[in-house]
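Each of the next two complexes has chain A plus one more chain, namely chain B in the first and chain C in the second.
Let's turn to the complex of A and B:
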């Protein structure tokens, strides 16, 4: 059994305009010491998936309406409030996109790192402070003892994200969820933060769920990749398979819109036309069909099931696995789809 | 920090001079009714010799700018002049009244802090609940009710009607401080004086709290596994309190300067009422002295508030000595 197994997770939000199916039946699993990347455009349900794992969905308006999240045999969705709190920060920890706003400006950095240790490990204020200094040292903050007494505004963006990582890893969690941890950082700092995460993962054996829209990050870190579109997973498999034998036209689109400086220097980027759909009024059939160059009548009427195409590699496309339906070879359907 | 405080202290000088100058302008003959010499003489017969003597003693025969010089000179030595009406030094008169004003001010601030902050927190934490609606409605009413009218209403209800209904056994005193001063005399004036600011404090507290609760660092705190109580009362509250403390601090300065309306309605023997009576009697040195002292107090309390900011919000460091 995997460390974390998520089955048929559905998280919906009730709004005035209707029900937003932010996450609509997603299943995946993560092994110890492995990294799963969840990829997709903004609004595809990546972050809601992550927050659902922590049971941090604001209710109302949000609600996890179905599914199971099994962490080492315990169903997170069946836990009572105090068990969930005991799990947060201790067994599953999370770092967020914007380190500038994710730290509380009026508390010292060391205090904020030590807080989780005090609640989960029962450390005294003094021991927690000492451990916080060790954690800052671990994530590569120079003069950690001094820096622990600083306030967040005295840290640079990269240092703050290091502090966030220190905070998340303080209790040695089984799973670390990183919600676009490098998006708000400079490119050079991005690389440092990713390296740090990889290094700490190797040292501690933490499973990482990396949420990102940056396929470069995925290539660097991920063992497995899940591609999400409109709240559903459209492709799921090992990073190698998803990168080298992508099955879903949406994944092709994502890969095509990635700048490749190794091959065609002047090659133009191929963006995916159109916008992600509204999650209230999801298109009929395959949610991707209005933007898919290969869509046929069947795609409008029939919603494709996620199915295993090759061993351990799943995709939700009617044509995935058919002869000739391969990235770069498939022929776009011209003309209006009925 | 030291440099900052010194700069602020220096900035007080022009404000101080400006206020005294403006008050002095009011003494240009013919601008305000009433003859000060007549006031000083009172019932005695005003002979030319007596007039000359009084003019000489009070420097009233000098041109206005010379009089101003005398006044500021006296001020720097702690002399605010002598009351026309009471023939007592103004410092003595005000010295008697300020402790009473402070008493009332602190009572009112306490009401603001306890009622205003709590109502704001409850209102924010239970947004759109019955309590939230109640707080929102009652604060809207309170900020628009004139203070003197609220005071009279409270007097009528708790002082007169309640006494009638209970046959004279239960009521709250409606004037004075009691002899010796006691707590029950403080209740109605303190509530009246605090009313508008309590409503503002509740509203600021509510909006700041709601804003803080929506911040990313709150999600971080939740993700750490903190209880909701710890998240609200530690992580959100400390951020939300900063503007509230500022408001209360500034209000404390204003209240310590005396509350003319409340003190008058409740016959509270404070500085505000003293200034009000002095205006009625055209007792110029008392008005002038009272206003000058109030201005100085407000300036110093505001400086203290600004300094205490730095203690609450680590992002604020004065004087550029931070990193």
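Let's turn to the complex of A and C:
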């Protein structure tokens, strides 16, 4: 049994315009010390998946309508409110996207790092403060005793993200969810933060769920990759498989739209045409068919099931695994789709 | 504003810049920047631990706010200790033993009024109803306003609509008219003035607090606190309140000034403090016919109201700056 096992998770939002199927039947699992990357365009349901794991979906309008989330044998979806609170920050912790705004401006950094410890471990103010200094040291903040007394605005972006990581890891959580942790940082700092996360993961054995649309980050960190499109997973497998034998045309599109410096420098980038669909009015059949260059009649009518193509490598495409249907070789369908 | 002036502070390193072992910039070319070798030398402002302690350090730099504070403390000490010295060295505020309408002199520094009472002692004693109305009435409004504003802003939905529509009902009536109507029901007197001003003050405080909460509630650090497992109460008190309270502190201190003016107006109209107890408003009311003949009768209580209200406003302004951590250094 994996550390975290998510089965058929469905999170829908009821809005005035209709039901938004933000997450619509997603299953995955994460092992201790492993990293799962969830990738996809904006609005594909990545963040809602993460928030569902922590039961942080605002209700109303959102609701987790189906599925199970088993963390070390406990079903997160069956927990009562106080058990969920006890779990948040202690067993599953989260790092947010923008470190500039995710620290409370009126408290000193050390105090905020210690807060989770006071809530979950019942530490005294003094012990929590001492532990906060240790955590700041651990995440590589120089002069931690002094910096713990600083306010967030006295920290730079990179340091704030380090402080956020210190905060998230203070209680030694089983699972760390990082929602685009490096998007708001500049490139050199991005690398430092990723390195720090890998190092801490190795030291503490934390499982990481990394939400990102940066495939470079995925290649650096992930053991497993889940590609999401329109609230569903379209491909799921080990990072090696997904990068080297991608099965789904959407994954091909993501990989093609990435600049590469190793092959041809002058090559043009190939964007995926069109926009991600509205999650209220999802296209019939395969949600990706309006943008898929390989779409056929069947794709308009029938929704492809997620199925295992090779061992441990799943994809939701009617043609995945067929001879010749591989990235770079498959022939786009020309002409109008009926 | 003084607090806004940037002082040369402790330099701190941005990630990626050259730093020494202590995390300080190796080279800081900002004018006036001081290289700090170790934690032992960090300035005192860096050492305090509480928000209130820091705020006080910043407030001290704001001379206008301190002037206001000093003046208010002075008035408060004067009026609280009045029984000890005013009757002995000047006069009892209600005794009519003197010659009427005497201009200021050594014996009566502020002169005497129409029926021979010492104006100075009446001004000193008159601070009692004014200050207590200001503080108590605003406390009532604050308690009600903060509770309703917090419920409204934090929980939203039907509760929010109900509270805000109730507030609208209060706003629908002209303020002064509503106060007078309430006092007509409750009967005149100082206690009822507290209640009337207090009850009528909550809707504006609730509104200000609600909108302030709404903006803070959407911030990522509140999400982060929730993701950390903080309870509603903790999120409210630790993360939302301190970030949403600044406008309330400004509004609250300023409305103390407003309440003092309302009390003065009510006493002027005869609905507040009843004769012969002195209050600044009732003194003005009695003096209105003699404004040209005996100007000291209007000048002194008027001056007292003006300076006291101004002091509260300056204090409120200073406190807003002091409570903004980003103004530090």
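Quick notes
What we mean here is this: the second predicted complex is superposed on the first by the 338 of 338 C-alpha atoms of A that agree within 3 Å, B and C clash if a C-alpha of one lies under 4 Å from a C-alpha of the other, contacts with A are read in each partner's own complex, and residues count from 1 in each chain.
Here is the rule we go by: a residue touches a chain if its C-beta (ideal position, glycine included) is under 8 Å from a C-beta of that chain, and two chains touch if they have at least 3 such contacts.
Note that this is a predicted model, so its numbers are computed, not measured.
When both complexes are overlaid on chain A, chain B and chain C end up clashing with each other. By the touch criterion defined above, A:105 lies against chain B and chain C together after alignment on the C-alpha atoms of chain A.
Contact with both chain B and chain C is seen for A:153 once the two complexes are overlaid on the shared chain.
By the touch criterion defined above, A:115 reaches both chain B and chain C.
By the touch criterion defined above, A:189 reaches chain C but does not reach chain B. When the two complexes are overlaid on their common chain A, residue A:143 makes contact with chain C while staying clear of chain B. When the shared chain is aligned, no partner comes close enough to touch A:246: not chain B, not chain C. With both structures placed on the common chain, the touch criterion links A:62 to neither chain B nor chain C. In the superposed three-chain model, the partner touching more residues of chain A is C, compared with the other of chain B and chain C. In the superposition on chain A, contact of A:88 is made with both chain B and chain C.
After superposing the two complexes on chain A, the stretch of chain C that clashes with chain B is 312-320, out of 24-32, 42-50, 78-86 or 312-320. When the two complexes are superposed on chain A, the residues of chain A that touch both chain B and chain C are 54, 56, 85-90, 93-94, 96, 98, 101-107, 115-116, 119-120, 151, 153-154, 164, 167.
Those residues of chain B lying in contact with chain A across their complex are 215-217, 219-227, 235, 238-239, 242, 312-315, 323. Residue ranges on chain C touching chain A, taken from their complex, read 12-16, 19, 21-24, 39, 42, 46-47, 49, 51, 219-221, 223-231, 234, 238-239, 242-243, 325-326, 328.
Across the complex, chain A meets chain C through its residues 54, 56, 85-90, 93-94, 96-98, 101-108, 115-116, 119-120, 141-143, 145-147, 149-151, 153-159, 164, 167, 188-189, 192. Here chain A touches chain B in the complex through residues 54, 56, 85-90, 93-94, 96, 98, 101-107, 115-116, 119-120, 151, 153-154, 164, 167, going by the rule given at the top.
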